[in-house]
Amino acid sequence: DGHGDNLTYILVSHAPDSDSWWNTVKNGVALAGEQMGVTVEYRNPPTGDLADMARIIEQAAAAQPDGIITTLADFDVLSGPIRAAVDQGIDVIIMNSGTPDQAREVGALMYVGQPEYDAGFAAGQRAAGDGVGSFLCVNHYISSPSSTERCQGFADGLGIDLGNQMIDAGQDPAEIKNRVLAYLNTNPDTDAVLTLGPTSADPTILALQENGMAGDIYFGTFDLGENIVAGIKDGTIQWGIDQQPFLQAYLPVVVLANYDRYGVLPGNNINSGPGFVTASGLEKVEEFAGEFR
Amino acid sequence: MEPIIQMKGIEKHFGSVIALAGVTVDFYPGECHCLLGDNGAGKSTFIKTMSGVHKPTHGEIMFEGKPMQFDDPRDSIAAGIATVYQDLAMIPLMSVSRNFFMGNEPIKKIAGLRFFDHEHANEVTMREMRNMGINLRGPDQAVGTLSGGERQTVAIARAVHFGAKVLILDEPTSALGVRQTANVLATVDKVRKQGISVVFITHNVRHAMAVGDRFTVLNRGKTYGTAMKGEISPEELQDMMAGGQELATLEGSLGGTV
Amino acid sequence: MEPIIQMKGIEKHFGSVIALAGVTVDFYPGECHCLLGDNGAGKSTFIKTMSGVHKPTHGEIMFEGKPMQFDDPRDSIAAGIATVYQDLAMIPLMSVSRNFFMGNEPIKKIAGLRFFDHEHANEVTMREMRNMGINLRGPDQAVGTLSGGERQTVAIARAVHFGAKVLILDEPTSALGVRQTANVLATVDKVRKQGISVVFITHNVRHAMAVGDRFTVLNRGKTYGTAMKGEISPEELQDMMAGGQELATLEGSLGGTV
Amino acid sequence: MTDTSSTDERVKEMSGLRRAMIRPELGGMVGVVAVFTFFLLFAFDSGMFNMQGVMNWTTVSAQFMIIAVGACLLMIAGEFDLSVGSMIGFAGMMIAIFGVVLGWPMWIAILITFAICIAFGALNGYIVVKTGLPSFIVTLATLFILRGFTIFIPQTVESKTIIGGIREAAEGDWLAPLFGGKVGGPIFQWLGDNGWISTFTRGNLEGQPVIDGIPMLIIWAIALVIFGHIVLTRTRFGNWIFAAGGDAQAARYAGVPVDAVKIKMFMFTAFCATVFAVCQVMEFGSAGADRGLLKEFEAIIAVVIGGALLTGGYGSVIGAALGALIFGVVQQGLFFANVESSLFRVFLGVILLLAVILNTYIRRLITGER
Amino acid sequence: MTDTSSTDERVKEMSGLRRAMIRPELGGMVGVVAVFTFFLLFAFDSGMFNMQGVMNWTTVSAQFMIIAVGACLLMIAGEFDLSVGSMIGFAGMMIAIFGVVLGWPMWIAILITFAICIAFGALNGYIVVKTGLPSFIVTLATLFILRGFTIFIPQTVESKTIIGGIREAAEGDWLAPLFGGKVGGPIFQWLGDNGWISTFTRGNLEGQPVIDGIPMLIIWAIALVIFGHIVLTRTRFGNWIFAAGGDAQAARYAGVPVDAVKIKMFMFTAFCATVFAVCQVMEFGSAGADRGLLKEFEAIIAVVIGGALLTGGYGSVIGAALGALIFGVVQQGLFFANVESSLFRVFLGVILLLAVILNTYIRRLITGER
């Protein structure tokens, strides 16, 4: 229809490029770009350094795209470059991390995502309802603030102190597995396990299978993956919190494209999560886990 | 008599430096051939082309009458050339006996598998070193704890022990004491008598005269001349070694040869 | 005459190895004192305790009559002792002139700031090397491209240039050609005449006899004896250097001294 | 022989015991004793020393051992390999691509992966020996290149960075159990039935023995350590490894095929990394683009704690194995002892420092180094 | 002087131009030309070469330069420092702890942080020179220890791993703008007003120049490069740095205070890392436990691309700065050129390899190395 034919958007994430979860986001933007007929580029700091990410946002602004979609992993670091981009007239949508308030503060159009602390808190409340009184948080990315927020939110939701219940698990599956085993061995009265993504969930499933606690101990996890879905199916995992990264990537592209073309904009932020995925209704999740789920 | 090695018109360039500008020398079995010359004349470079460390830029090497190309010291060792380099080939952290047998490890078969025969190695090492006049504390002493002269002796003993047809010694006596020097010269003499061709580099005219059968002087990368024993006096030889330039004279007693 | 350095009962142990077992020697200004002895006798270790590389396990060092402790080569250099070590003190990747002035960089003031005076350094280096009989390609040539003898010459020229009261030379001539050797010996002679105390280590009896005023022989970490010039013949000296043990004899011409 | 050494009056007496004690492995042994004493005192009732606990830190240590053996021999040969971690990720991903995405039989996938990875190791070695560049730089480049491909390939072909389903694909394969299986299951069952070893008291495995077999990972670790130790100390090739690392030029002069030795050691390191990767994907059933991150450092640390010299020419495989054991025990022990887990890095750094200082002292005693 | 060199008939002629060209920096220069040619061809209209784009890769390069200068001098002095990255994280966290958590005036926080970090650098150096251990191992230990504290301290005192509010705490401080400020704002305003540089064409900054000043980061980078270059090539201390790295024993024999030189270089590296960290926290306003990850490698890579020898004794600060420029331009340029980001590592690895091979060739020409 001739409106805004050559639209270009850039999505900037904070994830190191080996982080498997972000793959769904890449697939989401690719699909949205194709469907909307726009170009979407994906960029991220290779080592996950947020200061590098700030430079990438500056770089993105210098490239003069029609819009930027970015995470707000650390408000202090990223607010400057994002505001600068907004100030020069680039439309910005915040996705994944940060809060709706922060998004408003930097002048973004909207926020699409799942506030991490809130998601952890909701999960904690749910677990408290199920009678959980103590837990183990398997943090495979200890230096990232959002990981810690999830654990903290969960503890607060349970109404207990986080204390020593969060372990720095590292990224190696064997080490994660054996650290979980070691912790549970030393603290056999632990009621629940919380993992923060496939990286920590997959080895934890194996650990629980090995020490016989699979299905016995309360097990919740953030984010989905093939093994997590299988775990939910066979009852090892009670629930997975799906923040639907696909939507976090897909929707902003659609919103921006329509905004640029027709000036239409939803009136509110979009919470893509937390959605609790349980054993009921798993087929679609199963089919697309790791790709679109 | 057939020469065992013929070096024909050897040239060697290092980048913009011409270290050898065409050197032709023949080496005969049973003879001790002394290579003499000023510092930087190219002696070490020359014998390194013989032992496969450097590939000559131009020129030909004939070994036992056949053209030969050594790509690696391994090849020359396999052909029967043993070399004692000026920059020593010893591993300081390894024991004397491991160093002695480096590259020639004795093998003992156990259940069909080939193992390093440490007992044999230790025994031979101690014996050979004693023959050279060095009493080791033990075969497992690290080479790094030996004095410079002691290391030199290990290198020479090793080359003599494994040397087959040609033995090249690059300034072997320079770091040695009087007694060790006498031993090395006696060894050279003995080896030569066994029909082995010895190439001997030295700056000491007297050492050269003592064991040499033939003398070749290098000067600035070229052959300055070759002489047989008896054809030349120590004083003449010394003048040639200094490249024909005048020597600084001492008022004192340093008459004659240095 | 007052000795400039007195070494009294120096002992040096390396772990379980006793390298020096009590050595006492005095060094006088204007004299060339030759240190002789077998390989591993402890000569290098001895002069290293003098130049601050090693700290003696026991014993005392008196410098100009006062007890002195050198914790570092810097201290001995500051006191006026210049040393040419057997294991050379050259940096291969650095240029000849930077090596020459290493530790003694000439300073030029620009706007009150102290800068390295490269022109001066280059000029002095070229001149001093030419005096020693070495023609450098240029002062910025890397030391790594020099032959062993050429490097040795740089080290000696450097020590002579900066040496103040004592010049220690550990086997300086061992790697040198005839011409360079003559130069070094002439230099030692010249330096000595300027009233500097020279400590000269060598295995070559003739070099020792040529420039030495006093001869001390070490044997297995102990003093074997000291003699003045004229009191001793080359043959006697050679026997002492060999530690009194018999020399291997050559059938050939190697009569007299090695 | 002894009489010769005793004739040198310049050598002080050294007792036979002291001489027997002073070995390259001594530092590692002291470390092991220290570490175990520490945890026996502070974490005895934490379950660290019951069957399950022992199996726990043994498995972690075995993992370190597998890569430490390769790193150790390579380090003794005078080089090191920073691409081990990336190689682990890459190897796992290749198995997933061949075995799951392309659906080839698992044994073919495994063998091809071994071939590719060993070829990469050979390439590393070839570049190092031909250009004379430090291996630090060359393998740093490979680190980036391999990791880049490990992320890029699965993303391009499958649009994901974790590929699962490997366990299913390996079912019934003859080669896969050699990496992912467990041995001795019946024995443990029998032991458990007779009450010789404890059984689970909770959960759905209640009544079964706490250990259901020894993972092949541990068998591989032991086999590689023995193999490496014998090659290094008892063969001609072992002498060449020492020589190549001690002084490559000197070794070359003496006729040691230094380049070949170094290249072979790079290949062996790649082999060990691949063994690690295959065991891992077989156990966990998936390959991820972020597997093996920083493993190269852990291998180097274990080797150095075990007494090897970073600059080559000195070290011991047994020492490296002890280093790996220390590393594993400390890492898991801190969890058993309930220490704040972010302090693990601080501990690791301190232990590393202490270990190398001790080892340097021991090495000086042995070699009489100047 | 020239006549002396021309008297040696054994030296082939070398043209004056060739001789002037062959410098340690040559590799870096060739690399810069190659990289710019590449991106001018493939990313010209991507915004990479407009004012804003130039500022973007300049800033990134300046960041690399700051740590590369320290790493370069240290590497020439024969050591290297793997703890740079952890030091950056640690320094930032210290400023946050002192300035925000404890609420001290920002200039005190900055000065104390400098003091602590330089003391850590000195400790690194002290351990290295006193024990004779390779700096790889010692600083690897420091890497873990510092990172451990950087995670542990904020978690203990604040129970989070990011501490913000630094910009607010630094308001009105006299020292902070030296790191976080921008200079030349009025000039750019004037340039923009006169149409000399482009201005924003939309948004609420419309009409303002696209660049509102040069960040102090860039000023620091330039100042450090100039300082490092002069010290290295024109002073006595510079000669000592070369000597200490070329052969420590030989330098010691010649009376160079090698230990002091090395310790000072470790301190200077720590200083550079702290400058980096302070600029970063002042610009971004928060300190995080994961800041600086892997920066040590980036510094080493820049230095090596710039022609320095990993084993010490050879290199150039200008070269290191060019290396940092190449690194920065490539990293940002690939984003401008929209290359798949996982391929960045592959590029980096390949560039690193090519650069060192070129540099080795050049070095051999210069030094006539054997």
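Note that the chains take the letters A, B, C, D and E in the order they are written out, and that residue 1 is the start of every chain.
Just so it is clear, a contact is a pair of C-beta atoms (placed from the backbone, for glycine too) under 8 Å apart; a residue touches a chain by one contact, two chains touch by 3 or more.
No experiment lies behind these values; they were computed from the predicted model shown.
**Student:** Going by the touch criterion stated earlier, list every chain that contacts chain B and also contacts chain E.
**Tutor:** C, D
**Student:** Looking at CA centres, what chain is most distant from chain D?
**Tutor:** With centres defined by C-alpha atoms, farthest from chain D sits C.
**Student:** Average the CA atoms of each chain to get its centre, and name the chain whose centre is farthest from that of chain B.
**Tutor:** Farthest from chain B by mean C-alpha position: A.
**Student:** Would the interface of chain D with chain E count as same or different, where same needs over half of all numbers used to appear in both copies?
**Tutor:** Counting shared over all numbers used gives more than one half: same.
**Student:** How many Å are there between the centre of chain A and the centre of chain D, using C-alpha atoms for each centre?
**Tutor:** One centre to the other, that is 34 Å.
**Student:** Roughly how far is chain B from chain C, centre to centre by C-alpha average, rounded to an integer in Å?
**Tutor:** Whole-Å distance between the two chain centres: 27.
**Student:** Report the inter-chain centroid distance for chain B and chain D in whole angstrom, where each centroid is the mean of the CA atoms.
**Tutor:** 44
**Student:** Can you work out the whole-Å distance between the CA centroids of chain D and chain E?
**Tutor:** Their C-alpha centroids are separated by 34 Å.
**Student:** Give me the residues of chain A that touch two or more other chains.
**Tutor:** Residues 17, 142, 168.
**Student:** Where does chain C touch two or more other chains at once, residue-wise?
**Tutor:** Residues 14, 17, 87, 145.
**Student:** Would you give the residues of chain D that are in contact with at least 2 other chains, written as numbers and ranges?
**Tutor:** 11, 147, 151, 155, 340, 342, 344, 368, 370
**Student:** Which part of chain E faces chain D closely enough to touch in the complex?
**Tutor:** Within the complex, chain E touches chain D at residues 127, 131-134, 136-138, 140-145, 147-149, 151-152, 155-156, 297, 300-301, 304, 310-311, 340, 342-350, 352-353, 356-357, 360.
**Student:** Once bound in the complex, which stretches of chain A touch chain D?
**Tutor:** Touch list, chain A to chain D: 16-20, 23-24, 26-27, 30, 142, 164, 167-168, 171-175, 177-179, 181-183, 185-188, 198-199, 202-203, 206, 211-217, 225-227, 290-291.
**Student:** Hey, which residues of chain E end up touching chain C in the complex?
**Tutor:** 1-2, 4-5, 7-8, 11, 234-236, 238-240, 242-243, 246-247, 249-257, 309, 313-314, 366-370
**Student:** Of all residues in chain E, which touch chain A in the complex?
**Tutor:** 46-48, 50, 52-53, 55-57, 59-60, 151, 155, 159-162, 164-167, 200-206, 210, 280, 283-286, 288-295, 332, 335-336, 338, 341-342, 344-345
**Student:** What residues of chain B sit close enough to touch chain C in their complex?
**Tutor:** Interface residues on chain B, with respect to chain C: 14, 17, 37-41, 44, 86-87, 133-134, 145-150, 152-153, 171, 174-183, 185-186, 189, 203-207, 209-211, 238, 241-243, 245, 247-254, 257-258.
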